[in-house]
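Below is one structure, written out as structure tokens; the observations come after it.
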Amino acid sequence: MCGIIGIHSKQDISKDLYYGLFSLQHRGQESCGIATMNEKIKQYKGMGLVSDVFNANTLNELQGNIGIGHVRYSTAGGSNEFNSQPLVGSFKKGKIALAHNGNLINKSILKERLEDEGLIFHTTIDSEVILYLIARYYKKNLIEAIKKAMKFIKGAYSLVIMTEDKELIAVRDPNGFRPLLLGKRDDEFIVSSENVSIDILGGDFVRDIAPGEILHIKDGKETSYFYDEKEEKSTCIFEHIYFSRNDATIDCQNVYEFRVKSGEILAKEFPCDADIVIPVPDSGWAGAIGYSNYSKIPLKEGLVKNRYVGRTFIKPTQREREIGVRLKLNPLKEVVEGKRVVLIDDSIVRGTTSKKLIDSLRKAGAKEVHLRITSPPVKYSCYFGIDTPRRRNLIASNNSIDEIKSVIKADSLAFLSIDGLKQSSIKDFKFCKACFDGNYPVDPVIL
Amino acid sequence: MCGIIGIHSKQDISKDLYYGLFSLQHRGQESCGIATMNEKIKQYKGMGLVSDVFNANTLNELQGNIGIGHVRYSTAGGSNEFNSQPLVGSFKKGKIALAHNGNLINKSILKERLEDEGLIFHTTIDSEVILYLIARYYKKNLIEAIKKAMKFIKGAYSLVIMTEDKELIAVRDPNGFRPLLLGKRDDEFIVSSENVSIDILGGDFVRDIAPGEILHIKDGKETSYFYDEKEEKSTCIFEHIYFSRNDATIDCQNVYEFRVKSGEILAKEFPCDADIVIPVPDSGWAGAIGYSNYSKIPLKEGLVKNRYVGRTFIKPTQREREIGVRLKLNPLKEVVEGKRVVLIDDSIVRGTTSKKLIDSLRKAGAKEVHLRITSPPVKYSCYFGIDTPRRRNLIASNNSIDEIKSVIKADSLAFLSIDGLKQSSIKDFKFCKACFDGNYPVDPVIL
Amino acid sequence: MCGIIGIHSKQDISKDLYYGLFSLQHRGQESCGIATMNEKIKQYKGMGLVSDVFNANTLNELQGNIGIGHVRYSTAGGSNEFNSQPLVGSFKKGKIALAHNGNLINKSILKERLEDEGLIFHTTIDSEVILYLIARYYKKNLIEAIKKAMKFIKGAYSLVIMTEDKELIAVRDPNGFRPLLLGKRDDEFIVSSENVSIDILGGDFVRDIAPGEILHIKDGKETSYFYDEKEEKSTCIFEHIYFSRNDATIDCQNVYEFRVKSGEILAKEFPCDADIVIPVPDSGWAGAIGYSNYSKIPLKEGLVKNRYVGRTFIKPTQREREIGVRLKLNPLKEVVEGKRVVLIDDSIVRGTTSKKLIDSLRKAGAKEVHLRITSPPVKYSCYFGIDTPRRRNLIASNNSIDEIKSVIKADSLAFLSIDGLKQSSIKDFKFCKACFDGNYPVDPVIL
Amino acid sequence: MCGIIGIHSKQDISKDLYYGLFSLQHRGQESCGIATMNEKIKQYKGMGLVSDVFNANTLNELQGNIGIGHVRYSTAGGSNEFNSQPLVGSFKKGKIALAHNGNLINKSILKERLEDEGLIFHTTIDSEVILYLIARYYKKNLIEAIKKAMKFIKGAYSLVIMTEDKELIAVRDPNGFRPLLLGKRDDEFIVSSENVSIDILGGDFVRDIAPGEILHIKDGKETSYFYDEKEEKSTCIFEHIYFSRNDATIDCQNVYEFRVKSGEILAKEFPCDADIVIPVPDSGWAGAIGYSNYSKIPLKEGLVKNRYVGRTFIKPTQREREIGVRLKLNPLKEVVEGKRVVLIDDSIVRGTTSKKLIDSLRKAGAKEVHLRITSPPVKYSCYFGIDTPRRRNLIASNNSIDEIKSVIKADSLAFLSIDGLKQSSIKDFKFCKACFDGNYPVDPVIL
């Protein structure tokens, strides 16, 4: 997963990009970067958090009226500085900068073909393929070049592009897998993966970029172009289940409301005779509020999260593994002792964390631990940008719900149904649910 | 405020100290340090978070069976590396290391006297005074030297001390202002500011160190000594209101239960005709759960906290100030729009944050914002280790509740009563409430 | 200027590359990098000295049997991390790594053409053009692709190239502007800009790579190919005057012997009635020894060099400028006081340093200061890799020797003649002397 | 060894101290620090070179009119940040800062006594003992306190001291082991270990601080006080042999002239039938010039030094050891091949370097290698600040000259005589030569 942002203004927006990236930091903590321009494109990027990579000096060097930014959580391509974005290159029109959120499914074959024609790749990320295709198909019209490139690339891609022609371009793939929104602050344009960036910068949300749309911004004017072939919209539902912040609203569906509703429906579908509802922090809070609402079982904080355990944390050895779990999430003994607990989490991927938490709660005195998951079992890998493991590592891909229950040692276990998921959202919300049922909107095999 | 930890074992505990400091990180983010020993005391400390200061190499150098650690949030003494702890010095008995949580009220006069006698101070922190007094009164018996030092130092101090005699000593001042607990893991002793350290290391909580107690641990044996002059116990109530983690239990009173109960009593004392209860994250959650429980007004997440805005964040300029507020706490528009909101926070000090949050909620569409505080108005400065500002900056010291309401532009405002505070805790819980009523357990003026 | 090295072995040579780069550090201090491989190419590079960029960890990650390295002193292209080398890219044959010493004169036009065809450039250095041309002309034979690329690139280039076919390729341009040597250590091949790398690694010098040669090393075998069009050899004479270390021997001409001889001939051509000969350290020592030998005027150390003033030094302000000069080179008062001094330097470019040194010597009491330069006046800019300024900044381009003497306030001034330069070297040593007479071996204007 | 500097001015001298420390960097590369003041003393110090520790920001924070600085090469006390200087403490007169060059011989016993009286030491360096004694004996007169402290401390010490009374004090021990000089720049006072600091700052050398002198500077006035008990002057001769820069003049004896003269007398005492004289760079140059002068054997550069191999260099493993030697000093084959070489070095301590260099020269083709040392054999450890190893590691302490010759595999070996050493210096130059003959000016055993 990644987060992208672009701003088109008449004054310096380097610090706005910096704050904007802060607001998207939950979408990627591995690397980040900013490219800006007045006349010439300049950039700065590095490994680590926005607060680690940028300082007053680097931001000062980045002053400019137009700019794009990127936070990266590695999906395809390895974890290396040269894979950080935005990508900046020089082609016949001058310099171009591009930031990409998503995952192509036909990257390998495209790369092979381009190499056949004598091209050299400097990174291992999909985004370089997109950049090359745009450069290759550019004659005199950038929009045409983008459209032509879109004919070849298959998969999930939300893009922000900037050229030394002082234009900012936002592109969303025909399925609309990844979010991309447009906001305005006076006469400035802000494009971002989540509306929080627009909120914090004091702008107003305008609309979602449509699937297949190419939005061109220049000289204070916006123009929309569209990719010719239409696809059914299929927003990634994991944005709502787990990935986006609670304050995000994507394709008109608010994330927090979706999560609370999922908890309520889950309580209706799979009630539980218990004393308290406790969330797995932080992602389980909204669902737990919903579950408690509907079930009338009181909501309590039963696991205290340590806010300081991050990337640079020295991993515990085998012997110290239990220390690691409790260091991250320590059970609140006074709350759980002697209680029948409903534990609410948003999803189960490998099952290892669930197992440790249940064990931890029992050791703290919980009488029973019933696990309720606010999404269906994840059985299929994602090819569109969510970093799910291969099928053999997905616990639900290889085990029945009963088997999972045994493995993680829960007293009971239940998942929200696919139908319950649909009811949690507004009526016309079309989403990709391939990770649950294997119906991929774009076939990842043939290409 | 600070956090301290000490471990006495027969095997290497350097990594346990590291994880232990992680669990106390919320008590101080300015600097941290560890001192350990087998035969000789060695140490490492630095400015910043535990994850910034220590790495695999530095920990490897710190291998030892006995050790103490410290996280510092500057109170008295400036923000400098030489003020970080543990303090390590060499006196006639060999090397000694000391870590201190608290604040002396007669530091200046003691320092003056010691300088008169030819002493030189290397730091500007209270703790060096304590170290000097112990060294000066040491003849052949360290416990006697500590007792004699305790005759002179007035104020709040929880200490862990280690000498090259392979002993670990824990001291809590006669009032017991700051917490200090004893735990055991098999035959190892763990002393810490909060029980979370004992929990995560897989130990069992044994008991609170008593006010006035000097606990001596050596050769696997513990011996308790006591300071002669008795004082009334007066645990700092701000540990429960704000400072400690929800999973802390100090002097038998659990923090989370105290906070939920405060919220319930507040709802009873000051009900409110509103649509939703929303907490100021993270400290307002427990109180908000309590308020919602009692009032039956549904609990919602209405402010989304950014987990990545920390110390190294480049501060917004005047013009960007609003960006800064929303970047930290962004209102969840879908939740608050058109709603009458009860906003729950744990305390008001200067009032500036409350004002900004209320403004922010209104801009997001809240119809009414009623602020409820789960503690009484803070009218008096703390001299015992809580970093409250001087009285002239305490909004409640200079304004009536009605005036505060006007300043922060709330539709209504209410604080928990002192009596409500008492009811929130177990019966025999004696605490210092000087910040609310000015009755200081130790007179800060005369000394 | 830059330095390059390549090693082809059957065992790990990562540390050999590291030491090799140390031995070439004088050729470039701005950035450095290493790429190695067993099966897959990996790399690490950064801004700064070899000792700053690499540590035990990074070297450990670079283990491999084949590898190339680069130290960079920026000539063309700006001072940025993305301009550091080796360049690593992925083309149809797999990954390729390239390190380049030299300067193309037709880079701009080649870049323009490649961009016309849809290519994107990621750096601003010449070397990327070379890499692209090789990739583009590669069908099935890399040597053919290199030959074809050589048809298009004009200027100075010594290259080391490595592919995932386990081959190491060394290329020297048809004029042989920049040095490149072959050495062997048992059955390992070492290619380097200077023989010191081969010396320190315990190898034996084999021969210079010939101008126009493409040396291919694979499976323990070396094969030489040659570019078709022959050019007259024209080794850059500044390697001998200033750039290379004293222990370098390039195209059979040892640098130290050349410098001592230059000093001797200079003493013959331009004798001087003086008391002592003192060198400008460090580059003037060999010439000063020569001058003293021939003239019988005793050699003394009269300027003491500070070994610690480097890149990170905080530059003195206008007021402190004199401090800066003396900090770098402090006159040895006891030596120069009351003496008539012959000051020996290797070259004059802008004249500013000479002026400051002469002033500094006078202030220390020198009675007379006669400047003797062991090379002819530099009147023309270099287009082949030496970082001389544009003509308008070359003092000798715009002033007669007499005028220079006045500007720098010397009592007398003389330069070695071009004929003296020739006599300083072995008979068949063909070099480029365009910076003195403007006769460029490859015309920098037409292309 | 260490270097110290102090400046007393009416304007900001923070950058002067910075440049001054640069000029003393050869005296210590482990750590460095600066303390300055207008009203209040502030400081900054750290591990590493001056260029690593200070930057524009840290210097900016250090603005002040009076200041002292220190570079440290650890002698006594371990290599730790808390051992870096200046030491700053707060005593009854306010803050005091002290920087120390030298070594006390009775540190242990003094430390023990002070600890008996209840003192605590924060560092493991001698200098803290001095600071404590001054504080302890201070009543109302700092000079008296210093004099009293001098009664107790035995050994080598040059000190600069600064207090918040706006005074700068320079002290040199009664034997004058370590250098300390006074200079003036207009109405500013500069005190430094070597005159190069005064030179580069544009000041004029005034005089050496006398052995036993306490120089007090305040309000633009200097006053000299003297320690009561007189000792014979005994300047450390290793300052002249090896430690100081060539441009240093200590107690009226210039270092460069001394070194050249030593080389000449050595050539007279121990002539050699050889083809060339080559120095071990950098310290052997002056002696080699002297040897060549007298013997008429031509001087050549035969070993090329790598200027970039420093502290952070990754040490070669056993197998790579030879790489390490040649990396530092590579023989210049063209110079030494087939030649009978006289190799000149300043001293032999352990003999390991000599052995490696001789081996290296032979491998490069030298026919004979005759080693000549410009000082007598070092047979006794130094207790006064030179970091010589214990006697068992001094090769000349345990072996005859003939045995050393065999160990290092030289064709012949000779050392300058003690008498020759005396002749190398001006007539009335009294120096400590205990390392050669064991006659310690202050008895290191009794105390």
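First chain written, first letter: the chains are A, B, C and D, and each begins at residue 1.
The rule we apply is simple: a contact is a pair of C-beta atoms (placed from the backbone, for glycine too) under 8 Å apart; a residue touches a chain by one contact, two chains touch by 3 or more.
Model, not experiment: these values are computed from the prediction.
A.B. asks: Going by the touch criterion stated earlier, list every chain that contacts chain A and also contacts chain B.
C.D. replies: Output, common partners of chain A and chain B: nil, no chain qualifies.
A.B. asks: From the centre of chain B, which other chain's Cα mean sits the farthest off?
C.D. replies: C
A.B. asks: Measuring from the mean C-alpha position of chain A to the mean C-alpha position of chain D, what distance in angstrom results?
C.D. replies: The mean C-alpha positions of chain A and chain D differ by 61 Å.
A.B. asks: Round to the nearest whole Å and give the separation of the Cα centres of chain C and chain D.
C.D. replies: Between these chains, centre-to-centre, one finds 36 Å.
A.B. asks: From the C-alpha centre of chain B to that of chain D, how far is it in Å?
C.D. replies: Centre-to-centre distance between chain B and chain D: 49 Å.
A.B. asks: Listing for chain A: what residues touch at least two other chains?
C.D. replies: Touching at least two other chains: none.
A.B. asks: Touch graph of the chains shown: is it line, ring, star, complete or other?
C.D. replies: Graph shape here is a ring: one loop, exactly two partners per chain.
A.B. asks: Pairwise, which chains touch?
C.D. replies: All chain pairs meeting the touch criterion are A-B, A-C, B-D, C-D.
A.B. asks: In the complex of these two chains, what residues of chain D are touching chain B?
C.D. replies: Against chain B, chain D makes touches at 88-92, 96, 111-112, 115-116, 118-122, 124, 131-132, 135-138.
A.B. asks: Any idea which chain C residues touch chain D in the complex?
C.D. replies: 15-16, 18-19, 22-23, 25-26, 49-52, 54-56, 59, 196, 199-202, 245-247, 249, 254, 256-257, 260, 282, 285-286, 289, 293, 298-301, 304, 306-310, 312-314, 316, 320, 322-323, 326-327, 330-335
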